[in-house]
Each structure stands twice: as C-alpha cells, then as structure tokens.
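The two complexes that follow have subunit A in common; it is paired with subunit B in the first and with subunit C in the second.
Coming up: the complex of A and B.
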C-alpha cells in the first residue's frame, strides 16, 4: 500500500486541476450553446458512422457466405429435440417420447421432495405449494412451457460456462479475450441478444431457448474461473502428492473442491434463464411471459397479477432451491444404517410418485386442471384495485401531472438541449478526476461511439431516465438503509427482502406501476426507481454493517453521538460500498428502462424494440452497444472511485 | 556424507520468485542484489543431505523459506537453480509420469491446514492416493480402514472433514500420507494449526508412529521446542539460507551464528543437553560412586547433580561402559544458569 502523505500528492493535485479545467470548459460550452457552431452542438449527419450497415454486412457474410447458418441450425436442432422431449413430458406436446404429460400431482410431489432434501420442511412446502398453486389456478400449460425451456437451457449454459471458464483458467490468453467480452455481455440489454437470434434462428420456443442459453452463460464462466482459482493451494498440493495426474487433479480435486462456487454459478444461470425466458415472449416464446405481456397490454390487472405471482413464486423457489444445493454440506450416515435410512428422500419420492400416478388414473383432475375448473383471484383483485384506485386516483393523478409537467419534461428538455461537445468534455472531466488521463480516455472511448452512431438524442433520453431514477432511488434507498441498519435484526430482515426482490424478473415490477399510473413515463420511472432502490438499499446496509466494530467502539469511547458516529465514522467508511451499490443501481435502471420501452418511451429501448420487430441486427446491436457503453462508462467511473477510496482507507488504517 | 547413503540431498539450491528473467545466481548473490531486480529469494543457496531413516527438522520463522524448501524437495515447486536428488535421481529432470510415479510409491506429505478434500469422507480421503494409482476398491478400503485405526480414528470412517475436530482432521491427513507406505515423509508444520494441548498430544502420537514406521522424515516447524523434542538433526533457516544444520545439542551448545544463538538463548538447555555430551575423558582420574546414564538430559538428572557433592561425576554409556567424567560446575551452570 502506498503511503498517503498529509498533503495531496502532486499527481492527485494535477488530476484535480485538469479535471476542474475540463469542467470549466464543459460549463462554457453549455452556457455558450446559442453561439456555438452547429457542429459542436450536434454531430453533423455527414460524420455519423454507419456502424449498423457494417454490422449487417458482417452478419450477412457470416450467414450467407460462411455458412454459419448450417452450424447454428445444427445446434438449434439439438436444442429443439431436447425442448420437444421436455415439452412432451411437462405438458404433453405431441412429440417423442409421447409419454407425457406427467400428472401435475407427480410434479408437485417431486418438487416437494427435492425441496425437503435440499432445505427441509419450509422449502418443501414452498416447492409443493408453488406447483399446486400453478395447477389450481389453471396456469399449468403456460408455466410448463416456461419451465421446459429453463430445464433445457440451464444445463446447456452450465456446460458451456464450465468449458469456457476452465479454458480461461487454463490459458491466460483465453482469459484476456473473454474478460472484456464478458464485461460487455453483462451490460448488454436483453433485447440486444434477441435480435441476432431472431435473424439466425427465427422466433418461437427454440429461439427463446437459445437466447436464454447465450444470455445466462457469462456468470457461469465467471464463477467457474473464480471457483477454480479459489481452491486452497494445500488441497491441490495434497492431490499432487497423492500422485494425481492432471486429469485426476481436475476432475477429482479441483472441480469438487470448487463445488460451492460452481453451484452458485448454476444458481445464477437459473435466475438469468428465468429472467430471459419471461422476456423472450417478445420473440414469440410462449409461456408465462407471453401471457403476462398480453394481459398487461390489455390492462387486465387481476389476471396479470395472478401470473406475476406465479413468476415470483417460481423465482423464489428456483433461487432458494439452487442456493440450498450450493450451501448443502455432506453429512455422514451411521455405518450400519439401512437403505431406507440412507435414502429417505428417494424412498419418499417413489411412494409419492406411485400414489400420484394412481390418483391421476382415478380422476383426470389430477392430471391436468381444465381452465374452466381453475380457481381465479382476478375478480376480487380487480375489485380491490379499483377500490384502491378510486381512493388514491386523485393523488396519483396529481403526482403524475406534477412529475410530468414540472420535473420530467423540463429535465428531458434540458438533457436534450445540452451540446454534445459539452457532454463529452464533462465525461472526460469526470474521468480525469477519478483516474487521470487513462480514465478520461476510457470514458471518452465509451461516450464517443454513441455520438458517432447517430443515436445521441435517444441515448440522452435514456440517460435522463436513468439519472432521474437513480437519484430518486438514492434518495429513497440510503435513508431506508440507514433506518434498517440501526438494528441488526431489522437489517437482517431487510437484506432478506432485498435478496428476494432481486430474484424477481424485472418484468414483474411493471405490474403494480401500470396498475397505479397507467401507461406513461411516470410508470416507467416508478418501475425503474423501485427496481434500482433494491441494490442501493442493500449496499447501504452492508456498507454500514461492514464498519469494523472496534472503530465503532473507539468512536463510542470518544463520546461520539449517534449523528456524529454516522457522519464521521460510519458513512465515510461505507462510501466504497455505497459506490458499488450506486453502480449496480445504474446497471439495473438501464436494463429496466430498456425493458419498459414497450410501455412507450422515446429512448434507445423503443428503437431497440423496433429493430427487434424488423429483425434489424445492425441497428439492434448498435443500440445495444450504446446502452452497454453508457453502463460501462458509469461502471468505470464508480468502481475506479470506489477502489481509490478503499485504497485510501486501508492505507490510513494500516 | 556422500550422496550414496543419502535419501534426499540438494546442492546450491535456489528458489527465487519474481517477474521476468532471473539474475545470475552465485553463492555470493545477496538478498539485496535480488531485491534490486524485483525478485525475492525464498531459498538461498541451500545444500543439505538427509540419511535414510533420519529425521531432519527444518526450523525457522515464517517467511524464512522452510515451506518453500520442502516443496522443492517434493517438486511441488521447481527449483530456480541447483539440484534436488531423491534416492540418487535428479528430481528436477524427471518427466511428469516419472514424478507422479515417484509420489505414488515413495512420498507422503502432511499439510499445515490439512489439505483434506471437503467432499470426501475420512475413509475416502485416506484412500485417495491409492485410488490415484488405480488400486482396486476393496483393497484400498481395507488399507484405508487399517490406516485410520492406526491413527486412532476407528468409527469415524464415514465422517466428512468438516465434522471432525482439527486434531482429528490432521490424523486423517497423517493416515492419508502414510497410506501408500512411502519411504519419504514430509510434514509441513503439521501441528501449527492446532491448539497447544492437542499439539502436545499429536507430537506424542507422531513419536509413536515414527517409531513404528521407520521412514526418512523432513519435518517443518516454526516452534523451536517442537524441533528439539522431535529432531535427530535441526536445520535453522533465516531469509532462505540455512544458518546451521546440526544435532539439537550442538545447536544449543555451539550456535554457529548470532542468529542461532539468539534463538536458542531462551531455551532451557538442561532439557536438551544430555549427560554424555558433557563427559570428558577421565585422564586416569577415577571417581567412585553412582554413575549417570549418558542419554539422560541434565533436566532429568538435575536433582542428582545438585545434591551430589563430588566435583566430577562419572557417566556411563547405554551399554553400561564407562564414558567419562562430567564437570559438576559446568553441569550446574547449564541447569541453573551461569553464576551471576
């Protein structure tokens, strides 16, 4: 750690000076907008680089001349075969092996048994209950359409991620290639993945499955790499001293020892798959997502609430189950235990399955619940929502009017009014401030292509929505976090709530806001704010909890009041964590803004949806990269800043 | 000592960590020379040789390079320069299959934080080296069960490492390292992670096993008491170099460098020095009365030395023959500390 002197080092001083000069320049450009030459306000048409054409040309070449189509077709045929099998088993699609559908009671019993094996009684009730709910509410077919894709896509992703992660672990070059790709891939919005898939595969479940596979691979690669790296060296040495060959070392020492990280990767894959599968309804993927989309567009709040609840239940269930699996520790059995004692869950499962099949043979209700037999909460929910709306309508109406007229539209106009040159200089100034010339260049290299792509105005609208949302999220999230962190029990509960909310596919957040605000900018902002508050809240709590107790004790013994403790001890130490939270909050907002585009916004998201319906790869990817670059720009600034703070704090305390 | 009767030997062994090209390593290269080029010498020009059946304890503070040295002996790390000979063969020149074969038949190692595979039971951990060399299932289970009962873990075969205490885990580690009946046994600070009471118990256990198995042993520790208690010979390391390599008595009585002297100053010499070491030829002088056994430490015979009024005490060898005379004043100096 470098020693920090009392006075700022000359380098840091220069850094601040240059940044101030750049800021001044940006301010001057803004103030003098009206006298600026036209080229500095907006990039002239002639300078726009036709990225989209180039990308389209590359894709056309890949597809037509290189015959990549055959390759993708082959792969998609394999996926389709697997999809048909699961579709037949889960909801009786007329395909090989033609044995399905498996009665819902059997699937519910299986889920309950697996839940019990992994996480005891509570998980068992959650698992069984979720499937019973789905069946009784008459959503079986849709839910199984969705699940059948996850069941196929997740294993493909896991295997692909394992292979690529191992490659990156083994060869430095592979890691160096993969790392930037993963960074971009993890900040590309969902839609950017869909467009090339539509071009190569078309629409429907097959395309949905493939886009899900591609979308959910990155975290698995990351966690494979992390897992393999974090195996304690002594375990590897003990394997070597036991005379293991390289292959034995990999399969019997490294991979099993990295089990927890790998299974957390599996958890991430499953959750990403669920999020994507719901959104894949935009490219004709049937299932819960499609139903939800249709119902939301028809403003059927009650019915969409039911589906939303199902998706939430599935999300919680899949998350808890895979996490329980990851954290499960092996337990020994007594040496003389009987088969039944050793495999109680297998035995219970066999009994329950047989019982389920018998039930379904006795009455078709236990095979599939017909829609007309299904229960529905839609009526009461609609009535309740209507009643609620009549009460809060005036408030919501006023809030909507106020926000749109006095906050959102002026802000949007202000963002659009800013000269491009001023924004670019501003970005460089911030970059320079946090990380000197290198960071300034990095920031510019993210911002420039957006200007050059010709989508500047749309991008500024996206930036404006994200800015408004994140500011609101911080205003809500940080105080909430402070309140929650005051008591350990409360903090615990709040973190659990955050965890749970983060597992929901982003789509879900649109249901309540559409219910309250209808279809407009305010609804989008509201959804984004809720979605973006979760990470801020979470990192605020974790940042405050992470303050070393001995420092708190020292401050207490120095006679600090609560306010002083917060201002002088806890908050300064929590800043790096807060910055990480803000960063995640920005990422979340970006994704959400893009998804919410179908409600009707004028940002990059709307254009992306147009590109999607026109299957325009070039445009779609250019827009996708524009979104990714906005995200990566924010990411670079905030994480560099956070790292700096950490370095500063640790060098002072040591 | 020639290389023929040594099981492990190394000559001018260097292990240097750092980026880029290594500077030239000569016996006169200093740590500072290396640091100037951004390198760190973990092992510095070490030459040692260990006889069959001997137990060498490598002793040093953390960062002195002792763990690196033993990893070079087992070729878990490749030496930067110099050679390690194991049973007369240059281990650095071995191919990967040869090295694997050597480890499967001749070597066992115990690790400080145990290095047990968390997903395998105690039994499966002990059977692991046997599994690696392709032994069939029933014979390796039989052998592993036998090893576990040797270290006193009967009934714990099906337990997973995290279900065992630290001492028990290290017993599993010891059983695993002995499962292939190795000739060479490396122990890298095996008891450092255990609390003092368990450590003492495990040292006794180790001495019991050592007497049973008769192996060439390299034992790493940072605990001088442990070294003195267990060693045939001790090599004291500092900054990657061996300061002195000798019997515990000689290290205590005749420290080669100031560093070793400082190390040994806090040691109760009476517990290390044996009567035999103080016996001088009698030069015709004869003393009557009770004699002292040569292999007893001064601590063990302290009461006798203090109460015996004779200026010179006779010492007898293990076979009962007369060895020489011990100067009582010299012995008292060691037992009570020099007169002020």
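Coming up: the complex of A and C.
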C-alpha cells in the first residue's frame, strides 16, 4: 500500500487519463448537442424495451398458471390469524381468544417493568411514560392497532431474516443470489413493493403486515450473515470439543456468540417497521398512520403532529429497549437465592398487573381513555405553526420567486436538455475515475436500463431534484455538524434531534411546506432537504468525533490554529465518514422525492403514484428499479471513493 | 352510546320480524373500505352501524380509493359506498368489465367536479363565475412557475381531468399545474386564505371544503354529450373538451357480486341506501368542522335522521 501512494502506479495514472478522455467526450457531446444525430440525444422510441410488459407477463404467469396466489393467500391467512389474536388482545377486536382489550394501565405497567429490567430507571420512565402519553392523548385505539400489526410483523421478519441469513452463511450460492437482491430491495422505493402486495395479498391489516415484513427483513439477513461470520473459530472449536452436534453448535454456540449483531438486526427490523407505519396505511394498515393521513387530508396539522410525536416516542422507546437488550450481559444469581431475589421484575410485574386490572375494573377510564376525555396539544401546535408560517411567509415568497426563476427552472431545463449519450459517457467517466474499468461498467449497467426503459426524462427530473436537495443538505448539514461536534453535550443533543427527525413521519412536513411555497418544486425540495440533512448532520458529527485524539494532540503541539486543525486534520480524516453520510443522504432524498409526489411533481414518483392506483405491477416495478438504480449508482461511486480514501489514509499513516 | 345501540337493536328486531322471507346472513364480518376523506368514512360508518343493527358484524379497512375496486372485485372488501362518476368512474367500469363487482344503487346526490374558486377571488375578478371573465384576469393568478399565464391548480394526474385539453380548446391564458393529492389543494387554499390571494383550483361537491371555504364553480360552456369526443359538439368547432364537466355526475354504490348470496339481508338494505348532497355535506361537517370521530358522527347522524334510514331496513 505504502508503495502505491508514494509513486502513483501506472494503473492509477491510466485510470485518470481514461476518465479525463471520457469526460472530454461527454463535454463534446453536450456542446455539440444541436448537431448530434437524434439517436444520441434521446433513445429512439423503437429501442425502448417493454420491461413493464414482460414483468406483467411473468406476474400473470405466476398468479394464474403456477397458482402462486393460493400460496400467498395461505401465507397471508397465517399472518391474519396472528394479527387477529394481537388485535383482540390489544384493542378488543371480536376474534379468538376474545379476552381483550387489555387495559392501558396494565400495558403501561408492563412496558415500564420491561424497561426497568433492560435499562434501569430511565428506560422504565421512558417506557411507562410513552404509553401513559398515548392513553391520555386519546390515541390508545390507534396506537394499539398499529402495534398489533408490528408485534406480528417484526417477529416474522426476524425469523425470516435469521433463516435467510443462515442460508446465505451456509451456502455461498445463496449468498451470491441474495446479495444483489438485498442491494436492490434496500434502494427500491416503498411504493414499488406495495403494488405486487396488493395483487397477491389484497388490502387490509395483513397486507400492511406483509409489506412491513418485506421492507424490514433485509437488514436482519445482512446482520445474521455478519454475526455468524464473525464468530471466532476458537469458540466453535471448543463447542466441537465438548461434543456438540451440528444443531447444538448452531443454537448453543454460533447464535449466542453472534448475539450482538443479531440484536442490532432486531433493532433495525423494529425501526424499519415503524418507518412503514404511515406508508403501509395506503394498502390498509390500520392505526396511527391511517389516522394521520385522514387528519392531514382535513388539514388538521396539530392533531397529526400529536400522532407524529407518538410514532417518534414509540420508535425511540423500542430503539433504546432493543439496544439495551443487545448490550445487557446475562446475570447469574447465587443458587441459594430466594425466588423473589431471582425474579424481582417478574414479581413486580405480577403485582402491578393485578393492580392495573383492579383499577380498570373500578373505572372504565383505566381501560380506555375516550377521545372526548383526551388531552390535546392540537390548539397550541396549530397556533404555533400558523404564527411560524405568517412570520416566514414574506421571506418564503421571495425565496420561492428567486429559486424558481433563477435556480430551479434553469437547472431543470439543463438536466432535460442534456443528451442521453453525454450523460451515459459522463457516468462512465466518473466510474472509471473512482474504480477503473470495472466501476465504469458497473455504473453503465445501472444507467443503461433507465435509458432503455423509456423513463429517461422523468428520471432526469428525479436526479435534478435529488441533486439540488443533497447540495442544499450539505450546505446546511456540514456547518451545523461542525458547530454541534465542538462540544460533546451539544453533539449528543443534536444526535437525538437527528433520531427524532428521522422517525417523524415525513408526510406531516408536506402540508406546511405547501402552505409556504405552494405546489411547485420549491416545496418539494424544501420537504426533501429537511429529510436529507439528517444523515449529513449525523455523519459529520460522527466523522469528527471519530478523529483519533492523538492526531489532534499532535497537531495542537505543532501549533495548528483552529482553522488549520479543521482544514488539515479533522476534515480530511472525516471525509470517508462524510461520504457515507452523503450516500445515505442521497438514498433518503430519493425516497422522499418519491413521497413528495403527494405535493405534485413530474418525476418518477408521480408515475409511481399512478401505477399504485392502477395496481399496475409491471410499471410500478420498472419505475421502482429506475429509482433503485439511481441510488445504487450513487452508492457505488461514493462507497468506492470512500474506501479509496480510507486506504489512502491508512497507507499514509503506516 | 349504549342506549343508542339498544335502540338500533330493537329497530333491527322489528325489521327482522318483517322480512322473514330472506335467507340468513353469514356471520362473517362485512368488510367496508374507508378512504381518506371524511364524508366517505362517516357514510361507511353509518351504513356499517345499520348493518350491525340488523345483526351483522362489520369491519372497516382503510384502502386507496382507486385500488379499492380491485379489492371489491376479489371480495376482499365487500362494498364501496362512494363511487364518483368523475373520479372513479373509469376504475369502476374497468372492474365491472373484469367481473366480480356489481352496480348496486345510485345515490340521490349528484356530483360535480370542475374549476372552482373561493369567494375572496371574486373581489379581484368581479366578472366571475363566467369563464371568459376568468380568462381576462388570468394575470392575477400568475405565479413564478407559470410566468405571465395564470395558474390553475388541478388534481393529481391519475384523476384524468383533461384540464389541459380544456385550456387548449378554449384558448385560455392559463397553465395547468397538477397537485399530487387533495390535501395539497386544501393546503394551497388555506394558504391563499390568509392573504386573500386569488386562486382557482380543481374542486368537487359534495365536500367538506364547501363548509370551510364558501366558493363557486367556474361556468364554462355547458356540457353536452359528445363534447369530449366529437369536435363539432360545443362552441369551438374544431376542438374537443370545449365545455365544462357534467354538472350532475352520479354517485353510486358498488358491491362484490358474492354479497347478495352471502349477506342477502344486508344486500337488500344496501339496495335502498341513498343519500342526498345535503346529508353527505352534513356527515362531513360533523367530522371536519365539529371535530367528532367518524364513529361518533355516524351514531349522531343516525340518531338525528331515523326517519331517513328506518325505511331502508323494513
């Protein structure tokens, strides 16, 4: 490595030369656009491949001829049975076992006890407090409808992830098939999943559950694989020596040894499930998400904000709980300890539960708080939002005019003006620059299908909006991150804000943003920027915090000023992390741009919305793949670059 | 609430005695889909509570308002209470052609969807509601993104409203901007209300917006049959869509074709269900203006309008 960085190898030199030549070609194609043959400007109609048609044919075959429908319906019946049980327990839906609903005081007490067992007093207060908040705000029924789906979907997803992850770990072929599938699945916009689910499963809570399972399973698979791989061979050896069978080796040795990774997987599953709460309600997931959309439809921002807060609270609670579980070490009691000593939490839980049931028998308020009795923050929130909007309205008016006339319309026209051939060559050039011929080919193989699918113009509009949003997000996020990272306390607070922003249902932003800017690209970009800044901010802070203190000290000793320290020491070292942040920011923007179709866009998202309402699987998936490929293209470039930087840094320091 | 239910139960008992001829309904729940606008949710709850009074069990499921026709066709949802001619006519007809869904009844209510403006707009453009007057003040509706042309804020593209064709046919100085959802249109109106900015948007009736923002539809050349297909029909001889939308579209009830067999009594009731524009607006108002929950609003409405629905279950 050291040698390479000291004398740039001929390979690296060639890489730069080829990239420059390709860039020049792209520039020539762009400059000469008006004299280019028509085929190089846009792909001729005749060359567009009817992917959507093919996909629909495959789906029709699967559904009608192979009878996959019976299989999916059987699976969904199993899921539905589980959903009915949790629905009965949590909110008293008239299904077997017909014992619910469990009073809210009991659930709150249970949550508080579990919180205490996992993470002591603070987590206990957070857990109990969250459920008390839900009950007192009159959201009990909705929240339980949501949870009744999540408590079924998450375990299914964990089990499925474990099984597939193990399969990938055991068989190399399985991994090779799964890996690209997972890459695509994780960059496919949510709506693209939903259309096949509507066709194969139908609508309703079970469809909501299944779309949640599909969406949340990829990280579990990855982390299972990672966990099983990283089990030290010594542990396996000692397992073998004590005569464990293969099954025992798996369940008693490998899985427990991979515990931390697996529990991070569980944590990811829960977070992803909560992220789907609002979107899944488009296909029938009941509860908070559905209510939120209804309230937004009637412009009740205050009330939907309350629901948003509940979703955030639940997400933070479940996140902290599963992390506490991951970090908890098993406790061993002395064998002669009494039952009470060994099970203090169980004992406390029994007492609290009995007490809770007694309370709810005494007064119905402790079973469910009715909407009429509920507290509400909607009044003050509405007033606050209103005041805020009035204050920034004049600035917004000017900003809207300025951005539309001078930035957005010219940029958009420029993106649409670019010849397809120039863009493809440009992509290849960037690929070549970061990773040689192989990367150039990878990049082209992501970009070509978009051109061939016939959605080029729409994809360019999506790219234009993502580009503008990410640039703005960097301009806002990096300085904020620099300020926040200066003090550890401040950094902590900022990271909590990031968590909140990330789990707060993005649909709620859409309405105030329209009120400020109207239905146009400024509103879309404003909504996307809010979301895209989060990862930039997070990774800037993490990147700066990750700089080794020895280096900072060394720089201080050699008399670096604060500005020098930042420019020459901290930022260069944080670049790889920042690139990962930029990469995530692009992913977030892509997802959000698609959702912003609800404001009104003319990009891939708008078509996706159309495909969803027409239940057109082929079109939906083609559009989904187009979005995924844009994401994967950016992902490939940024991650290759980031890896290079890491290699460069480590070779310099060695 | 409980007294209310008991009242309904007695009513149902009477109804049951009267109609002994019909076969028994299945004990499986009737699945009623609900969407994201209040009149439909309340109406679904009203009909659902009537079914419950007849002894059926009912479940509500939230769905997309276009995808629902596929769900009804497959029997995943049992019925749909608001089939708007303008908005869902195409999806409904497509589903009918595929089979599995039947046209049960038509509400007394008529629907209208067209260009609409809130009252304050009239101050800036006094000649309204005439479309020529609107065209003359196009500049007052201009926005940065539409340049010198006026902006018309249309509904989502998948509503297939042919506003652009209308603008072209009538030679209007307007640009059509499509909002992505109904909520986006309401947000624009709410924002315009603060500064009393003139605005012209796509809107429809019956709808909660009428109760919140009084307004009027723009009067285009009257709709004539064939105006959308035959250039000769309408005032402009060589253009289609040179007219307004029909001012009296239907509002239908659709159901899964297995419903009549599985829940014959409920189906018989459903065939009689019919609401008027005023009743639908009232249902929406209970939720959107009075702030009730949909279930509560349905119970309130049923209690106040016994004379209306009692006849349906006899």
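We take it that the second predicted complex is superposed on the first by the 617 of 654 C-alpha atoms of A that agree within 3 Å, B and C clash if a C-alpha of one lies under 4 Å from a C-alpha of the other, contacts with A are read in each partner's own complex, and residues count from 1 in each chain.
Note that contacts are C-beta pairs under 8 Å (C-beta built on N, C-alpha and C of every residue); 3 or more make two chains touch, one makes a residue touch a chain.
Since we're looking at a predicted model, the values are computed, not measured.
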{"item": "Fit or clash - subunit C, subunit B, common subunit A", "value": "fit"}
{"item": "Contacts of A:599 with subunit B and subunit C, given as first, second, both or neither", "value": "second"}
{"item": "Touched partner set for A:256, first subunit B, second subunit C, both or neither", "value": "first"}
{"item": "Which of subunit B and subunit C A:237 touches, first, second, both or neither", "value": "first"}
{"item": "Subunit B versus subunit C as contact partner of A:296, first or second or both or neither", "value": "second"}
{"item": "Subunit B versus subunit C as contact partner of A:333, first or second or both or neither", "value": "first"}
{"item": "Partner chain in contact with A:418 - subunit B first, subunit C second, else both or neither", "value": "neither"}
{"item": "Which of subunit B and subunit C A:622 touches, first, second, both or neither", "value": "neither"}
{"item": "Partner chain in contact with A:434 - subunit B first, subunit C second, else both or neither", "value": "neither"}
{"item": "Residue contacts on subunit A - larger count, subunit B or subunit C", "value": "C"}
{"item": "Minimum C-alpha separation between subunit B and subunit C after superposing on chain A, in Å", "value": "45"}
{"item": "Interface residues of subunit A shared between complexes with subunit B and subunit C", "value": "none"}
{"item": "For the subunit A and subunit C complex, residues of the former touching the latter", "value": "94, 198-199, 202-205, 281-286, 290, 293-294, 296-299, 371, 389-390, 393, 400-401, 404-405, 409, 510-511, 514-516, 518-521, 596-602, 606, 609-610, 612-615"}
{"item": "Parts of subunit C lying in touch with subunit A, wherever the complex brings them together", "value": "31, 33, 36-38, 41, 57, 61-68, 70-71, 74, 76-77, 91, 143-145, 153, 156-158, 177-184, 186-188, 190-191, 194-195, 208, 287-288, 293, 296"}
{"item": "Residues of subunit B touching subunit A in the complex", "value": "71, 74, 76, 96, 100-101, 103-104, 107-109, 111-121, 128-129, 131-133, 157-160, 162-163, 173, 176-177, 180, 186"}
{"item": "Interfacial residue positions of subunit A with respect to subunit B in the complex", "value": "232, 234-235, 237-246, 248, 252-253, 256-257, 259, 329-335"}
